[in-house]
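Chain nomenclature is as follows: A, B, C and D, assigned in order of appearance, with residue numbering initiated at 1 for each chain independently.
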Amino acid sequence: MEKQYKAIGEEAWKNNAEKINAELFIFTYGSLVVQLVKDYENYSAVNKQLDKMGYNIGVRMVDDMMARTSLERCTGFSATAEVIAKVGFKLFLNVIPTVANWSADAKEFSLILDDNPLNDFCELPPKAVADGLRYSNVLCGVIRGALEMMQMQTEVEYVRDVLCGDDVSEIRVKLLRMLDEEVPASDD
Amino acid sequence: MASQSQAQAQAQMHAQSLMKLDNKTSKRSNMLLEQNVSRPRRDRVGLGAFAFLFAEIIRYSQNRVLGIQDLEAKLNEIGQRVGVRMFELSMWREKTVHREMRVLQTLVFINTVVWRALFDKQADSLERSTENDDEYMITDNEPAVLKYISVPKEMSSFSPGAFISGIVEAIARCCQCPARVTSHVVPADGLPLRTVILLKFDKEVMDREKRLEAGK
Amino acid sequence: MSSTYYFAIVGTNDSPLYETELGVQRDESKYLNQFIVHAALDLVDDAQFMSTACYLKTVDRYNDWNVSAYVTPSNIRLMLLHEAKADDAIRLFFTDCHELYLKTLLNPFYEPNTPIQSQAFDVKVNTLAKKYLF
Amino acid sequence: MIHALFIINRSGGLIYSKNFTQQVAQLSSNEALIFAGTFHGIHALASRISPAPKRDSVKDTGIQSIDTKNFRIHCYQTPTGIKFIAVTDLLQTKLSGALNKAYTLYCDYALKNPFYNLEMPIRSEMFDTKLHQLVQSH
């Protein structure tokens, strides 16, 4: 299963993804975060805004991933985790985080980001570290938004971050509930 | 008194915790100062990632401004921070690290080296305005960063290329050739997003050019 | 070897972004050093349009001091006060300091033309000085 | 031959409709809305009455095509619940490839466009153009 997703992700990256210079992307993201810091003057508000922007991206991005791969609806949360890591991250950021730390009830897992392009070149000011800025918080929003489109309501947050001095970066994904489907929301 | 010393203690604790964090993060500053930037560390990411991010930047900016001019100014500002970094980095990677201070050389550098670094190709043309000596135009027929954007009719004067003009404006300033840089969508056959970056150099720059020209 | 150096990075608006004394510290000299460097900036301005090279070599002299300058592509001036002439060593020192500046600039949170406060930067500059200048 | 194409959002709203040939009647906008809503409803009910088990792995994905004597309606539902519906002649047995390409165009020229609001009608010249090219080349 895992192998299969890896192959799907790599195939899509190789053949179906248009690409762009990574540094342009990284600097643009950095410029956005700095803009938010200037606009909000409050790091937790920046975290919130990044999460929100990520959500807006995620609810759209999930379609882009589906359209560029032969994926069907994921069967179960563990397959979902694999798809996020091996297809989603691969297709958009060209990296593959590690899925780890499953909870006993299989409703929570972590993504260990060994290599996060957004972080390249970035060092947070001490005040931002002290106030808990999550520089790449956009990723949490993206995951949450994408999963919501797949009928999964989740809570996604950074629990460790190398930019704040932790040894690794870890994003925790917690499944809250499956949203209702089948019945059309409105027929009129 | 009590509350004052409490406040002092708190301030001290805060300072200590900052210091502790500083120790933790100094590892990171070291790592960044030691990394090799002579070549890009990674090659590509998905254009989709950029496009979705850029769309979100536009939506965010739009919510915080009143008009199209302000929106373009905001994108310009975001582009400028990209431009400064991209410029100094591209120059560092040149065979001979050097400086550009002359208008024409600066433009050629932007048109070729910077464009290749950013967009994997040269810009499609570089021209001097026939009307004004101090105006130059860099044209990109299909800017990859704008590829999927359709500007609605009611905003037809909006040019999402303001982001690119911000990059260019910052670089011109770095090269001591400050200019007012604007971006304009000028569609051509089959090229709906053909974008013209217009640079109007400051008077001091043009005066200096004349002096340097005469001094030769 | 008892040589002393003063190294400064000057922003495009002539404000100091970083300064350090290398070698023997002489308390009274700080303001004099700043003064000499500041005075030399005009000469850098004149010299910089004569070539496209970053390294401008010695641009000024003041008593026993030589002032060497290196200008980055975005017009950040690296200035070194030194006694003995050693063009090649100074070039290498400047080039490596330029690289350190570049890496500092790449951080999205570093705003161009603001003081560089990183301790790691300071340590690295001192290491480079030991490597090339002493 | 693709005669027409419709896109229906997750809640059954019509967000795009276009005729590519003169051979099919142009529905009034009201009729098109009814068509979309009705199709959406039947599609959902069809997967409900499906005898296939309700487990995710084998769950029925609803109607894939409807035939009449003269033409065929194809439906491709994305994993996120958007429906791409094409009206073709009977020679078109399988259209999933083309509809998947239309899905990609939707991602590129609607979703990546900052001026497109989710779930709303698609008004983008570029989308029109690219879709037209896709249908022509099919």
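Following the convention adopted for this analysis, contacts are C-beta pairs under 8 Å (C-beta built on N, C-alpha and C of every residue); 3 or more make two chains touch, one makes a residue touch a chain.
No experiment lies behind these values; they were computed from the predicted model shown.
Asks: Which two chains have the greatest number of C-beta pairs in contact?
Replies: The chain pair with the largest number of C-beta contacts is A-B.
Asks: Hey, how far is the Cα centre of chain C from the one of chain D, in Å?
Replies: 65
Asks: Roughly how far is chain A from chain B, centre to centre by C-alpha average, rounded to an integer in Å?
Replies: Whole-Å distance between the two chain centres: 26.
Asks: Please work out the Cα centroid separation of chain B and chain D, and write it as a whole number of Å.
Replies: Here chain B and chain D have centroids separated by 40 Å.
Asks: Round to the nearest whole Å and give the separation of the Cα centres of chain A and chain D.
Replies: About 29 Å separates the centre of chain A from that of chain D.
Asks: Return the residues of chain D touching two or more other chains; collapse runs of consecutive numbers into ranges.
Replies: 107-108, 111-112
Asks: So which stretches of chain B touch two or more other chains?
Replies: Residues 22, 29, 32, 48, 52, 54-56, 59, 81, 85, 89 of chain B each touch two or more of the other chains.
Asks: Could you list which residues of chain A touch at least two other chains?
Replies: 27, 29-31, 34, 60-61, 64, 121, 123-124 - these are the residues of chain A that touch more than one other chain.
Asks: Looking only at which chains touch which, which shape fits best: line, ring, star, complete or other?
Replies: Topology of the interface graph: other, matching no listed pattern.
Asks: Chain B touches which residues of chain A in the complex?
Replies: On the chain A side, the touching residues are 13, 17-25, 27-32, 34-35, 39, 49, 53, 56-57, 60-61, 64, 91-94, 117, 120-121, 123-124, 126-127, 129-130, 138, 162-165.
Asks: List the residues on chain B that touch chain D in their complex, please.
Replies: 48, 51-52, 54-56, 58-59, 62, 147-152, 155, 160, 192
Asks: Which of the residues in chain C end up touching chain A in this complex?
Replies: The touching residues are 103, 106-109, 118.
Asks: Considering the complex alone, what residue numbers of chain D touch chain B?
Replies: Listed in rising order, the residues of chain D that touch chain B are 107-109, 111-116, 123-127.
Asks: Would you pull the chain A residues touching chain D in the complex into a rising list?
Replies: On the chain A side, the touching residues are 59-64, 66-68, 71-73, 75-76, 149-150, 181-188.
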